[in-house]
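Okay, structure first, notes after.
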Amino acid sequence: MEDVVIRYLEKPKIKEPVFIEGLPGVGNVGKLAAEHLVDELHAKKFAEIYSKYFPPQVLVGNGGLIKLVNNELYYSKAKNKEQNDLIILVGDYQGLSPEGQYEISDAILKILSDYNVKRIFTLGGYSLGKVVAEPKVLGAATNKALVKEIKKSGVKFLEGALGDSILGASGLFLGLGKFYDIDSVCLMGETSGYFVDPKSARAVLHVLTKILNLKINFEELEVKAQQIDQITSKLKEAEKVKPKREDLGYIG
Amino acid sequence: MEDVVIRYLEKPKIKEPVFIEGLPGVGNVGKLAAEHLVDELHAKKFAEIYSKYFPPQVLVGNGGLIKLVNNELYYSKAKNKEQNDLIILVGDYQGLSPEGQYEISDAILKILSDYNVKRIFTLGGYSLGKVVAEPKVLGAATNKALVKEIKKSGVKFLEGALGDSILGASGLFLGLGKFYDIDSVCLMGETSGYFVDPKSARAVLHVLTKILNLKINFEELEVKAQQIDQITSKLKEAEKVKPKREDLGYIG
Amino acid sequence: MEDVVIRYLEKPKIKEPVFIEGLPGVGNVGKLAAEHLVDELHAKKFAEIYSKYFPPQVLVGNGGLIKLVNNELYYSKAKNKEQNDLIILVGDYQGLSPEGQYEISDAILKILSDYNVKRIFTLGGYSLGKVVAEPKVLGAATNKALVKEIKKSGVKFLEGALGDSILGASGLFLGLGKFYDIDSVCLMGETSGYFVDPKSARAVLHVLTKILNLKINFEELEVKAQQIDQITSKLKEAEKVKPKREDLGYIG
Amino acid sequence: MEDVVIRYLEKPKIKEPVFIEGLPGVGNVGKLAAEHLVDELHAKKFAEIYSKYFPPQVLVGNGGLIKLVNNELYYSKAKNKEQNDLIILVGDYQGLSPEGQYEISDAILKILSDYNVKRIFTLGGYSLGKVVAEPKVLGAATNKALVKEIKKSGVKFLEGALGDSILGASGLFLGLGKFYDIDSVCLMGETSGYFVDPKSARAVLHVLTKILNLKINFEELEVKAQQIDQITSKLKEAEKVKPKREDLGYIG
């Protein structure tokens, strides 16, 4: 079995697209924002990414149908000259191990490179450990010109001299993206980190849609966050009665 | 050493067999059911599966003879036109790591694909966290037609909208099976999850044998569960006095 | 870097040797016994085994000289017709991960197969969880004839019906040895499991030397156990002040 | 993606250089010493080392610019005949897993071998578990002649009979360096192990610069240690509000 398996449903014709990543993470801000964007733009799924670095697990969806956990790539075409073609990455999980995270991000970057992606935006949450009334959007980027440009949209860039760091896919797409000569920005919404945070996702989407000249509706964001909260609770509950490591062991 | 080693004892001539998986898991429902089926059908072992993803461990059996932990494939030929040739997977352990679980399941699916397996049934337990008097059988499957068909046998399909998921081999054979174009169903017997559950295994086997037009005796199931309980206790006791990680360390 | 690196110091001419394994484990019975045998027989080191599955660690020996942790193969030639040429495996550690244990054991078995090893004895401790005055020697083996033969030397074979198992190298050489068609026996001395146990090692060596027609002196065994105890204490003490995982982390 | 990726900025012409390693570890003595040496000698970066065995993480530096965590090689040319050309290794992290540590060290040794490195000095801390007023410098080496030579500079060599060992890169470069026929010494400054220790780093640098006939200023060492302490605190604080394993999980 290959480490990372890409299954194409379609090979869309898109031109110098902008790539947007939103996987599970702090406050699920990135995931919530990216999935909302997929829905609002009616973006179309064109590739599924499977990997042995994801959990060995299928999710059961409506009507008892199963789905192997994965990451998915969607695309959306520009509606006018101010917009860009987009590729959006969403998914159930990030890789479980450090090696897995590197391998999966690098495999996706190879696809992005083939599509001549010219810019990457990774979306995430920046945990403050306390509830925040008006979440700001913080940023980090791969070069000075980009920092300058993105600052104009109200993003406050991290002054990392004192040890800020970005973990997981939101960091790796920037770090590994450099090897593919792709300019990259990470946008992080301030969040408590304690629950799924639609307010923070809204703040991030606000900035992102402004930069990309997109118009979307934010109403469903709150509803989506509630659904996610519900599923999270159910999953955590299920965790308690799920097979544990010892249940995989020898018994007779 | 290869990641997964297949040792054939025989290459049976079987026609479009149905595959049944029953490995250790919640309440050992799947293991108990599949092993009982092997015994009742006098199924014949034709392949042994070894892997570095299993524990580095040998089991000591009757007369002081050892056996390296493994998974095993059995086959049983149809006795009439209403029945199918069968391949049954049983084993001591599932893979220890996520990567291992993917690799082992995929290696076995390659064999199944060579044998033109037309349908997969994975067997397991669905933990309720409390004792259940009359365990129902819950299901999940890879396509709608299959859900409809299996429902007729009294299986209640999961409506996973709220976060149900299936972990380990019982899930992976469905998820990865899709890549081999094999229709798959998971049958889960409700169980407390606290002990080896013959009642739940019986409920699962009841449904499975009905679907596959098999006739088997259920009497030994209770005895087998008691034996497994005994061995489990012994193993847990042994665990307490077994070498710990630090015993593998440098000492002089 | 190769997973397992074999460095030959010599390619001895030995004939159908018997292989003896004694690595760290329960009560360090196997390690103590095998190292004592090496000393008493003046066995000669002919190969060093290094691996990325061992800890990333060097040991500091006399005079400040370092040694990368490893396993080592010694040989000893038969002194008369009743004896066999021997290959003895000793070492600082077993592999850290299950995969590593499989890979290292298999790599060594390839060497043994090249040397036409005709029989394997693995040595270990069988933990009883309580102090034992007169440790018995327990056994397990790969075939019935061998069980019968070894029983004559006073070994009590495990009747594993209730879940006995052998972990690590002492088990794997038996289990994987089967793939190389090598007959194998594991000899385990009963031990409390709480400290380095020279009495148990003596019991094991007693049986082994009887089977192999060897004559050795047991006096130094007690002294050796005391040294090992001392080193173990020092290492455990050192553990407390050694770099922890977080010490490998980013700091500035 | 390759396991270890080397990115050359330059291929310097250096002659039989001496290699100095200083990565994070006990009291960050080695890191502090090596980074100070890079600064004082105005050493020039010529290669960056990335690996999937490092954490999947980018660091945010001044102005919001990111950097994928890595190790880096610097070089400095001899200023007179008493000095040597130098290669210095510094970095954010050591490999996370044992396998990773072996792979990364071995990949770097391949580079060193190409540059005909004639001697290796690894720098680290030796934790005493208590504050020490006048830290001594302890040593270990790969051969007797080297021990004798280095002792002249006031280094006290470990008499490891009682179980001393060196973990991580500082140990592996010595252990694996033997396979490349490179003479190696580890210099460890005594330290409490509880905080970043400029006094211990100074003691180590004192010895090293004496051996290598280098003249450097030690004033900035204290300042640098304070900065590192500050960053460490910030990072530990951040740890508390960073995404945990479960935040990478499925949520909706």
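Things to note:
Each chain carries a letter (A, B, C and D) given by its place in the written order, and its residues are counted from 1.
In this text, a contact is a pair of C-beta atoms (placed from the backbone, for glycine too) under 8 Å apart; a residue touches a chain by one contact, two chains touch by 3 or more.
Source: prediction; values computed, not measured.
For the touching copies chain A and chain B, the fraction of interface residue numbers used by both falls below half; the interface is of the different-residue type.
Of all chains, the one whose CA centroid is most distant from that of chain B is D. The mean-CA centres of chain A and chain C are about 50 angstrom from one another, to the nearest whole unit. Chain B and chain C have centres, each the mean of its CA atoms, that are 35 Å apart.
Taken residue by residue, chain B touches two or more other chains at 57, 59, 69, 96, 163, 165, 231-232, 235, 250, 252, whereas all remaining positions touch fewer.
By the touch rule above, chain C contacts chain D in their complex via residues 1, 5, 7, 52-69, 96, 230-232, 234-235, 238, 240-243, 247-252. Residues of chain A that touch chain D in their complex: 23-26, 28, 31, 35, 55, 57, 59, 69, 92-96, 98-99, 101-103, 105-107, 125, 127-129, 139-144, 147, 157-169, 171-172, 174-176, 178-179, 186, 193, 196, 224, 227-228, 231-232, 235.
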